[in-house]
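For reference, chains read A, B and C in written order, and residue numbers begin at 1 within each chain.
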Amino acid sequence: MPEPIIIHHNFERADAQHDAPHTAPKPRHVVESQQFTVPLLMELFDRSRLMERVVARGGTLDYQNRIMASLFYSPSMRTRFSFEAAMFRLGGRVLSTEQASAFSSEINEEEVEDSIRILSGYSDVIVIRHHAADGAKRAAQVSTVPVINAGDGNGGQHPTQALLDLYTIYRERPINGLSVAFIGELDKGRTARSLAYLLAKFERVKIFFVSPPELQMKPDILAYLEEHDVRYELESDLQRVIGEADVVYQTRIHPDRVHDRDRTLGRFAIDSAMVQRMKPDALIMHPLPRTAELDKSVDDDPRALYFRQAKNGLFVRMALLTMLLEGS
Amino acid sequence: MPEPIIIHHNFERADAQHDAPHTAPKPRHVVESQQFTVPLLMELFDRSRLMERVVARGGTLDYQNRIMASLFYSPSMRTRFSFEAAMFRLGGRVLSTEQASAFSSEINEEEVEDSIRILSGYSDVIVIRHHAADGAKRAAQVSTVPVINAGDGNGGQHPTQALLDLYTIYRERPINGLSVAFIGELDKGRTARSLAYLLAKFERVKIFFVSPPELQMKPDILAYLEEHDVRYELESDLQRVIGEADVVYQTRIHPDRVHDRDRTLGRFAIDSAMVQRMKPDALIMHPLPRTAELDKSVDDDPRALYFRQAKNGLFVRMALLTMLLEGS
Amino acid sequence: MPEPIIIHHNFERADAQHDAPHTAPKPRHVVESQQFTVPLLMELFDRSRLMERVVARGGTLDYQNRIMASLFYSPSMRTRFSFEAAMFRLGGRVLSTEQASAFSSEINEEEVEDSIRILSGYSDVIVIRHHAADGAKRAAQVSTVPVINAGDGNGGQHPTQALLDLYTIYRERPINGLSVAFIGELDKGRTARSLAYLLAKFERVKIFFVSPPELQMKPDILAYLEEHDVRYELESDLQRVIGEADVVYQTRIHPDRVHDRDRTLGRFAIDSAMVQRMKPDALIMHPLPRTAELDKSVDDDPRALYFRQAKNGLFVRMALLTMLLEGS
């Protein structure tokens, strides 16, 4: 094992050597993905690259005295571990609850505000997953420390997932001009929603929403895309678009939500036959966990990015934590 | 972010420069609030002040190699996080279980002793919340490391809550001569019971117990107060005492425990109208979480101390941990 | 509190000064106890001794930048705390889930592989307790970081328990030539199974399996012992062997699994009367938790080793973590 590397970070100074866009105002909280501008995204991604190098060298940063609170009202082991590992790799500490709704004596939903007011006194940054679609926003309104939305209610957002998704794409190719196919149960898909907001910030992006008609992307996202002049198509036949997409972003469809279950799920699944019809340099992504919609036979295809995507969560969350803790 | 401040503490030496009372023998375990003498409380509060300064400077102490075990048989996110944040701010580590009764293979209640014997080998201090009123005491009897009672069964105690409550008062004004109104379901109220024991150590304190008659404070506490010459009154009408109290300590009443529910709960609630009848320098306290018994409209009143009270839990628990770990 | 001691370990060099056997190839994962050779066991025990000294001095090692993931699909507070305390005493960090099956959105059992692929990106070593007998093996097959089996399904293994059991014996006397009585529900007993595999590596060991006939040790272990020329006897009367055993290894019998419950359980229980019939230097062991099969009156007998046994888990797991993290 190499000697521990402690990097005394000074991003302000490092940023000063960059172009003007890098002086983008830093967010205080992360609630919705659309609050990120392109310059801010680029700064985040620069930092994420640095974090990759820190981790590769077995190093850490000097956040020894900083505490992150992981406040998960709905459990999510993967997302929670990703945030907590990020804080550890920075050198920090973690207060953690796997299921706040069961393990606190919180009396009703109204009280997330009181919990946050109290936790603000115990921690330097709060990561919250709340079952209500406005849980993270309500938390941010009363918190005296930065709040990060780690996924809110159905049809809500999961902005850090979108940030790591975009970073994963960014590491592979330019985002401007990309065509992206989102597949799955898009009306309730937090990850697709959050990533669509981010893609709309870039130039000449085209989005295919591929879904059974009754589960299609909701009008609020479509209106946002139209406002931002993003081309999109609603599609119910994966076969018709699979050969055109640069990024194939697969998500799960809950079997209970479709008629003629086996046939419908099969039509939206990605298996080795479907992969053969993709562009030779397509990027196959998935927020995980997966079931039958993404066959294990795809795992060895060099285009399969989803495990690297999950790992990128570590770097992007490290970067995001440094950004938020800096200003606070 | 400033450079981390590592303070190599040496309280023994610091204490030696104080008055004689500060050489009060340190407790080995914290099971009941009445085990604290006034000199010991003053030493604890001096240390708590120091902890406030350490945290304000973003510093830490040198407990890097010390491990605290958080052993919660009944979940309590707030209390657990307060202890764990305290240990982190000292530089230490934390073993944590959110609900030992569900997540251990412990076979029956008899076995808390065996669990403690084993955990004594893995940690340097044990924080226990147990559902039985004698859970913490039984733990202390077999532990080879200090044990802290983080709240035991109904009608039991919650001594660290009482310590932080008293510290919150102490930070505002002299405790001798205070009049304190406890409101709520006092027969089962661990926090009121534990704080009453502490108040009895001071001079000229007067206590109002304000409760529906069937939920009044139990005779054991009243007997203790009489022994210590503490004046008290049992009252069922909040209106009659609200203008006299220096400290208004509100607690929850479980709706199922009263007749004529809405009317009864309303009579014991604190809202902005009730606040207007309080002394201009009254201290409004609550152990949290709260429901309707403490209206949110009170939050902005400068007399509302309950969020600061919660934050003080951090400093008092840091101080307490240093005291217990020192001798061990 | 003494100054923290940071020991920059260099076991490779230390090992070079030992005899040849100590250059035994280190395991990448720990899935089954039988993968340990005697030289590897001796190296592990040497390290464990060192760890005892590190802990006794209040020291730590330099694993500050290393992360262990505790992935418990079935809860086990004691085993989890033992591993986590071990990682903390090394200076490292811990990601922890008390019950992955409830707190992840993992969809079915198939997916342990995906979880491990993701966690491999967030941690440096994974400790897994899985309900399926092949859970740890499946995890090891896909993990890019070392995996440690912390107990798998009924009739599976619990190799680190066996390692700490053997270390506990080794600290007391030579293992060659020992007679060991395993008592309890041996067909499902992970700990007895795992320790039997290890004992078979030594010379002139004799094993008594003492169990109601219907709960006797399974043929796979017996075949393994025969292959390794280990003498064993199947016995249903504890009285007949209790005076012959150097090590009395008691385990629990679930009351539901026997007929004539009280009488049967009583026949296999160890109480002060039974202890009187043991050798004067017998070692009484138990993996804990215990119920009536090991009476509390035995606790004060100098032959009772079970709490020291539990504490040894800390040292052996520290040693094991250093071994696995070194190569990785």
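One rule holds in what follows: contacts are C-beta pairs under 8 Å (C-beta built on N, C-alpha and C of every residue); 3 or more make two chains touch, one makes a residue touch a chain.
All values reported here derive from a predicted model rather than from experimental measurement.
Student: When chain B touches chain C, do the two copies use mostly the same residue numbers, with over half shared, or different ones?
Tutor: Both copies touch with mostly different residues.
Student: Since chain A and chain B share one sequence, what rotation angle in degrees maps the C-alpha trace of one onto the other, as a multiple of 5?
Tutor: 120
Student: Distance from the CA centroid of chain B to that of chain C, rounded to the nearest Å?
Tutor: Each chain reduced to its C-alpha mean, chain B and chain C end up 40 Å apart.
Student: Going by the touch rule set out above, which residues of chain C reach two or more other chains?
Tutor: Each of 96, 98-99 in chain C touches at least two other chains.
Student: Going by the contact rule set out above, which residues of chain A touch chain B in the complex?
Tutor: 62-67, 69, 93, 95-100, 102-108, 111, 114-115, 117-119, 121-123, 325-326
Student: Where on chain B is chain A touching in the complex?
Tutor: So the residues of chain B touching chain A come out as 1, 3-5, 58-60, 75-78, 81-82, 84-85, 88-89, 91, 96, 98-99, 288-291, 307, 310-311, 314.
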